[in-house]
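Below you'll find the structure I mean.
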Amino acid sequence: MSDFLFSHDLLDPASYRQAQTDSACGGFVCFEGWVRNHNDDRPVIRLEYQAYEKMGIREGQRVLDEALEQFEVSGVSCIHRTGTLEIGDLAVWVGVSAHHRDAAFSACRYIIDEIKLRVPIWKKEHYADGDSGWINNEQAK
Amino acid sequence: MSDFLFSHDLLDPASYRQAQTDSACGGFVCFEGWVRNHNDDRPVIRLEYQAYEKMGIREGQRVLDEALEQFEVSGVSCIHRTGTLEIGDLAVWVGVSAHHRDAAFSACRYIIDEIKLRVPIWKKEHYADGDSGWINNEQAK
Amino acid sequence: MISVDVEFFAMLREHAGREREKVETNADTAAELYSELADRYAFPDIGRMKVAINQEFSDWESRLSDGDSVVFIPPVAGG
Amino acid sequence: MISVDVEFFAMLREHAGREREKVETNADTAAELYSELADRYAFPDIGRMKVAINQEFSDWESRLSDGDSVVFIPPVAGG
């Protein structure tokens, strides 16, 4: 399995994990990005993700293909949520299965880092005080 | 949540993940060790994990406490299976939640590496040819 | 005069008040097109904005062709 | 003569044919105790084996006391 997908609905990590199982693999690493209730000291009540999906799927798939090429991994996948998200919601899920854990960790890290840099997705935070704003990964840490 | 546990029954990753959720955290990394159907070129049909549980829980908890101290993480946990495992079974689950993904990746890696080195757990592989043997992480990669 | 399909995202969508627009323009390059639309919709400075032409990141000085699909890419924030 | 509780794991359990044993011994140190039991049960060489006394990794030259709980720790293989 090696797919990059967008989902407008709640993500389902158990099913993505299931799809990744492989009896030849000894290790699996996953990363989940969760919607936090704050950004620095500012209380956040919900978020909105907007994606340029047509290009995003292409760029996301490219990142996964690079990971397959650069690391000794068997399966890689990434699903990114779009639309309105509540606190605690899963925003992104990355899963990597491999024969050995070293490659699984490196590939998983590579994928989430590159997705955050390159895939055209934007995030608007809605704050407890009624304000809102588009933020980006260059300002954020 | 910050616990090291042994389980004689099938591990339940969805519930461990659930226990780790934290609305102050933006990132979650988990590692799963799966029972592979081979070791190098030798077909494996099942395994057996034996643990010196009394000491293992102490040493495992120590590893988790070190991770909490050394990395900026909020929750860390690890569950290790014992008994007879079939191919594809989950042998160990490590989960780390953190404000930022960097710490989550580093801590997760630290925990699984140290668990494998320090916690008194032994593995016997049963091979397709009827043979079996105790193996160890110093020979294995 | 060429016609290009422009799709707006994030704050640009809010400024433009629409998701997409077929723009008839004399702009030669993506940068000129941005500047034209920035005037019309009070877009922010080009700053660290990027541009994609036909779903590929492109140079701001790329020449536009009739029928191109153009998307301005504000700094992203996935994950 | 002291009495110590020894628990066996992995290949040592198979060699000893039992999970635990109360051993009456004249051994002064963990290493001497291992050597005594290795003779009795044809244990493998001490090699990279470690020892835990009362659930803490200990030195092979640690002196044993009456009532100690002793476990020999073959190279581990968790995860």
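As written, the chain order gives the labels A, B, C and D, with residue 1 at the start of each chain.
Heads up, the rule we're going with is that a contact is a pair of C-beta atoms (placed from the backbone, for glycine too) under 8 Å apart; a residue touches a chain by one contact, two chains touch by 3 or more.
Being a predicted model, the structure only gives us computed values, none of them experimental.
**Student:** Would you pick out the chains that touch chain B and also touch chain C?
**Tutor:** Chains touching both chain B and chain C: A.
**Student:** Which chain has its C-alpha centroid farthest away from the centroid of chain A?
**Tutor:** So the farthest one, by centre of C-alpha atoms, is D.
**Student:** Report the inter-chain centroid distance for chain A and chain C in whole angstrom, where each centroid is the mean of the CA atoms.
**Tutor:** 26
**Student:** Report the inter-centroid distance (CA atoms only) between chain A and chain D in whole Å.
**Tutor:** Taking the mean C-alpha position of each chain, the two centres sit 49 Å apart.
**Student:** Go ahead and note the Å separation of the Cα centroids belonging to chain B and chain D.
**Tutor:** One centre to the other, that is 26 Å.
**Student:** Touching at least two other chains at once: which residues of chain B meet that condition?
**Tutor:** Chain B, residues with two or more chain partners: 33, 112.
**Student:** If I count partner chains per residue in chain D, which residues reach a count of at least 2?
**Tutor:** none
**Student:** So which chains actually touch one another? I want all the pairs, not just one.
**Tutor:** So the chains that touch one another pair up as A-B, A-C, B-D.
**Student:** Taking the touch rule as given, give the residues of chain A at its contact with chain B in the complex, in rising order.
**Tutor:** 13-14, 17, 21-38, 87-88, 97, 99-101, 104-105, 108-109, 112, 141
**Student:** Can you check the complex and tell me which residues of chain C touch chain A?
**Tutor:** Against chain A, chain C makes touches at 7, 9-11, 13, 48, 52, 55-56, 71, 73-79.
**Student:** Chain C touches which residues of chain A in the complex?
**Tutor:** Chain A reaches chain C through residues 33, 49-52, 54-55, 58, 80, 91-92, 112, 115-124, 134-140.
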